[in-house]
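Scroll down for the structure; my scribbles are underneath it.
By letter and in written order, the chains are A, B, C, D, E and F; residue numbering begins at 1 in each of them.
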């Protein structure tokens, strides 16, 4: 019987894996969720058949109560409130791991088990409070602004040190419950401290990260109670959650550490204007940003002509439109090397005329544009014409791509354009350089849109 | 077999029925080729080129006609020319048999086998002989070029430091062979093209060239078995006129190609619509010579009406005589080759062929084509 | 005899790799349901909790187990249902 | 400020210096706009349109000239017209100051401030006023259309049941503004395009339009600071002629746009090369009016030489007068607006501006432009 | 110490996985191989540290001798002989598993262990002989033709039955060495029998499959000697080998069973002409075929125009050319709906004129074409015009795509073209239908070429 | 105590999934080196063989182990080296 249970776990784990895989593609996602949930059912049934179980009453009550609450909430929650709901559920999962960890403390446990117990309490606890804070911020029950105070970093340092210390103490004296409770309390505190300095807009990333943590907590709990399925499922969730978090950060064009620690920093540092630096971006990362963009402005220049990239540009446009984005072209009157150069090429590629906007039409709406893609243009998007009185092109109207949320500049090098002058656009905070032949870069983007 | 190629005499006709390349092929097939001196001048072919190809140059036109077993030509003959021919000779050219009843009778009486290039059936296999299509195709290109020369504007859009030039709006009525090529050419030049045709299947073809199709609900329309458009009822024509009026008024260029095989083309643009167009706009009426789709178009001429230029010069393919000759002579050659008997080196008139019988109008002193026969006898 | 920890570490390592491979290159529109679905899986703790809640070994452990079962059940049931709702909506939008 | 727009009197000139749209903008800026009656006819603009725009229609041409503070024009004036103007008036038009020395002296003596549209410097910022570019751009398009009308063939390739028509071979000499547009237009129509220019940077620009660049090693060539081509040495011209001869002989259409600002254009195609071309081929010589790139081209005319048509009609942009007028008048407006004083409602002649001084030829009874001054005084 | 060894195995397995992952991309493949080999080194060192080892002499001698032979052969083998070398190495791996399985037989082993021992012997044995046969065929030491004889299927059936029987007998009587040897002999025989009926051209697929088997053999041996690293590495190789085999079959446009059993069948069946059937193909599979093609002919028709697919066609062309293929277009004079229809579109997409071949130019070279891609054409590629005297288009010259090695027909349905007649091309043996809008299908292919 | 077979089955299952995920979508040019590299890994039997060859438990087992070690070593060393040679050639072709 016991062996059978174990093999059932193997099957359940396979179902989780299969389910996760199918969740990754729109066509099969719903089926994937079903498969994963049937894995869960199997695992629970197997667990219930365990012959060590002497008393089913508590279990059944717990499951019925929990299940009913979960089902009720899931059914009734507003569509718009889903993200905070996920945060809440996640917190409960973390708490469960904390409790399992505590319950697993048995006299005479070895150091390994005790360590895993501490880990499951620590990770479970911080997942719990962190998720609650995230829930609060998202549902606006607490201010969604990043909360910062002086010495925040020091306080956090102290908490971490406290956790380590009390953890070590507990493992060495498993009977000293004081240390155990210190671990619990500090873990809960740490979850709060870690999330409050992060702004509401970054919460999805935080939830994803906490989700990964709750997986790790389950995994740690699995080690504590010596249960394979917990380890497998937990580490799957842990690993996939981390990846997902990374992807989400990339889609926001930020790094994970930037998301997590920007709050910490800004409370202390004072902001000094720095000369910008060049930030290259890879095709893959550019794709993540475009994939999430809902309005895109393409500004072509002579480089598009040199690369003969008009056909791929057209295709990229179509793909982005299929992805739900609004795409327009901003045509500067002197773009290219002859009047109407861009028109010739874009007409060749069959870009509809009404997608081509004159400079004066596109500039006012540039601020609402998520991503401006500058394809081999340089002089015609040079903000020096607006900002730098000393510039030889000062006063020439240009396309103000720098006012868009994000700017991608596709060119091969840092070389200047026809007018032979430096372009401060390339150094702006919101600019990313996608180096390479424009046709190849765009070809790469097309391939990412699959 | 003695095949004669007389010079085309119609004024303004620069095309030739046979190019030196095709002449060479005919000679290789075993024909005894007689070419009238100066025949190729209009398309820039010299007599020497034909001699090199193996043809004999003949200066005496009467001699040429009376000695020929077969004549390959472009335009229809005169009655005098028919009189010169031998009984049993074969005469291949455009004939316009629906209208040229006297000519058909002359052929019948002369016992000449007359083959009309217009009557080549429109099957997949006969396309290589289909001169109507090959010439209409070139016409589509030429009409756009004509319009571009007349228009005081350019076709493509240009966003320049001196402002944006909007693309020209081109509206094409009738998207048969010529209409489609006109659409394609105007599109290429960067114009914004819309088209209309009564045959609903054409919508997809228009879109396949990247142009817009104007949807007008005319009720029941359709095409004949031969692939030609059915004639509209007067009410339908009226409806079409109205539905098109607005788009025509806003167009810089309108090209009409709406023909009905063998019948007078419908008037699709009336004077009051022309008046609504901006001065400087251009209308090209492909059908001008056979009656015209446009009120006020003059066959063979370019006229102006309330500031709008109406081009009705006709003989469109003749404007690019070299390519037109190449295609027409290929069509002729394919027809001859398809019915050539290798051994006897003869053009065989076989009424069991799947293509030939449809385009033979008279043979052995009879009108063999039923449709034509019915029309002529019905009237006679 | 090889101790269980070794096996568990093996399993951990393999699962992590597998998690990586599975999630790479998922379209952005699926990020949220995927997160939610993964979250439901993390409710697997319920299995560990069941064992503890049912042992009857010590009162404390059992009560802890009970709460763990309840909380994890919320996570599991709520997680799967919410995911399904999201995906259902998603499908409608596609169709 | 009283701004006068006289009618253009040059024969065959249909362009107008100011369109009703631009007239409206000038009036809104505070100008007192005087338009000669019938000024817009050539481009299809009526006097009413100008009245609506807020201009006054004037019939007396002498009155118009003598009362104006500023004249906006297209072509250079006659000596008599200059005599009519007030001292201190401003006259903006094409001037051809390198050649029209008498005119420049007349301006100087009359104390009129003359501004030459040709002399607008070619900086990035001044492009919106650059009429040479805007008109050359249209010229590029028109030249291809001209060639297409003259050619007895079509431009695009066509694989048809009646055989394959090869694409026309087009060779463009000089890939400046006009040359590039000619390349683009011919490419659009489906021709196979090759181009050559002495400035090596142009190769990439030609390729950016999908055409081929002919590589000829001429040794040291280059461009002036203003972006114009340097004159070649006689040996270099010789070398170029030879290297191009073969490709010209094989081309159906050759378009030459090789100009040298202020100097006589080099002869790039000699008669013996023309003779090597196939009969029916077409050469368009953009520079015909200023001396010609082609031996045998006649300014203002289309001639034939050994079967080859040589088009030298000139005033290319004038063939699409409506678009040409729109662009030229935008250029003029941008120039005026750039130097307009809001408060005084005046055109201010400021010698500290970065664009204006370069194109003022005479001011306050002096020749202010150094280059022109040197040339004229050197000769006088 | 023992635990340390086990954790070393964990690390080694991680290195294998990482190495395999990197082997999958050209840029990192060589590094991947290094990583994987360092994993192997680690595993071997760890194994040597095992305290159960009493006698190093045999081990060292074995390793030195084996390593020297391997290194020598690997260094000196001709580049062209690599595939057969891989087969040979693979066979040795299989043999090793067989030996390990035999050596693992210990008195008192339980049924599970015995079963895994039988499996490791069986799989190892057939891998060994199968690989040797593959080696022989590839190096032309034995005839590379498919060897077939009457009753082959029956003989194979007997062998399989014998293996099962003797295996079961052995598990039940582990002391009866007779059954053991019967298993060994029959396994070896089965390996031979399985590979001889497969032709030399299919050997790469067979080697890939045998490679997968040798992984499984190692895995079974791992169960037999209770060793994790063998299981992990073995099952990795087993699973990835199967996938690789599948991919290779797809690239040959055949199914695995077709490769493995076509030989078996043809010796017995007599060939009767059957009316062909429609064989649809997925974008992915089409990609594998194109990826391997070195000469491609594209035949566009009206459907390309309807789908406005010219731009994507051009891009696909470029990608195939970059991939080393020669690509030409065959333009039928009446393709489309107006004379020159295809020319207009292809010129718009900037396809160079010299890639456009007339029908008469492309037909003679069609036989040397690996893949002919028919894009929305129908009548103009209808072989009935050549073959079927009754057809209304009989006698019309068409583009003979059916003489190419493989034909892909891209259209949306089985609908007929302008002429309204059936097209036997769609039913030919070498034709695959890629259903769907041409633009989308080609877009899919482009995305596969990444 | 959970028996080792359970763990092993888990490991088997995970490895198979992982193998699938890793190899999917590998370009055709890499098929042969990949096969060869995987083949080298399958020489891991050497580890099992080492244990057997070194036990000295029975003469037969030890000899079998010895041969297994030798054969597997050929597989391992030859496999890695051949793969490396292929990839080196590959790189040259690319560059």
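Some notes on this structure:
The rule is simple: a contact is a pair of C-beta atoms (placed from the backbone, for glycine too) under 8 Å apart; a residue touches a chain by one contact, two chains touch by 3 or more.
Everything numeric in this text was worked out from a predicted model, so none of it was measured.
Minimum number of contact steps separating chain B from chain C: 2.
Shared contact partners of chain A and chain D comprise B, E.
Shared contact partners of chain D and chain F are A, E. Just to note, of A-F and D-E, the chains joined by more C-beta pairs in contact are D-E. Over half of the residue numbers found at the chain C and chain F interface occur in both copies, marking it as a same-residue contact.
Chain A and chain C have Cα centroids lying 19 Å from one another.
Centre-to-centre spacing of chain A and chain E amounts to 38 Å, using the average Cα coordinate of each chain.
Our note on geometry: chain A versus chain B, Cα centroid distance of 66 Å, whole angstroms. Separating the CA-averaged centres of chain C and chain D is a span of 75 Å. In chain F, the positions touching at least two other chains are 2, 4-5, 7-8, 10-11, 14-15, 17-18, 22. Listed for chain A are residues 17, 226, 228, 232, 308, 333-334, 339-340, 344, 347-348, 350, each touching two or more other chains. Each of the following residues of chain B touches two or more other chains: 127-128, 133-134, 137, 156, 158, 160-163, 165, 188, 190, 210.
Every pair of chains meeting the contact definition is listed here: A-B, A-C, A-D, A-E, A-F, B-D, B-E, C-E, C-F, D-E, E-F. On the chain C side of its complex with chain A, the touching residues are 4-5, 8, 11-12, 15-20, 22-57, 60-91, 94.
Chain contact summary for the complex, chain E toward chain B: residues 302, 305-306, 308, 333-334, 336-341, 344-345, 347-348, 379, 392-396, 418-419. Remark: chain E residues 331-334, 339-340, 342-344, 347, 350, 353, 356, 358 touch chain D in the complex. Residues of chain E touching chain F in their complex: 16-17, 19-21, 23-26, 29-30, 32-34, 36-37, 40, 43-44, 46-48, 50, 52-56, 58-59, 61-63, 65-67, 69-71, 73-75, 77, 79, 82-83, 85-86, 89-90, 92-93, 95-97, 99-100, 102-106, 112, 204, 207-208, 211, 214-215, 217-219, 221-244, 247-248, 251, 288, 291-292.
Against chain B, the residues of chain D that register as touching in their complex are 14, 43-44, 127-128, 130-131, 133-134, 137-138, 141-142, 145-146, 148-149, 151-154, 156, 158, 160-163, 165, 185, 188-190, 278-280, 307, 319-323, 326-328, 330-331, 334.
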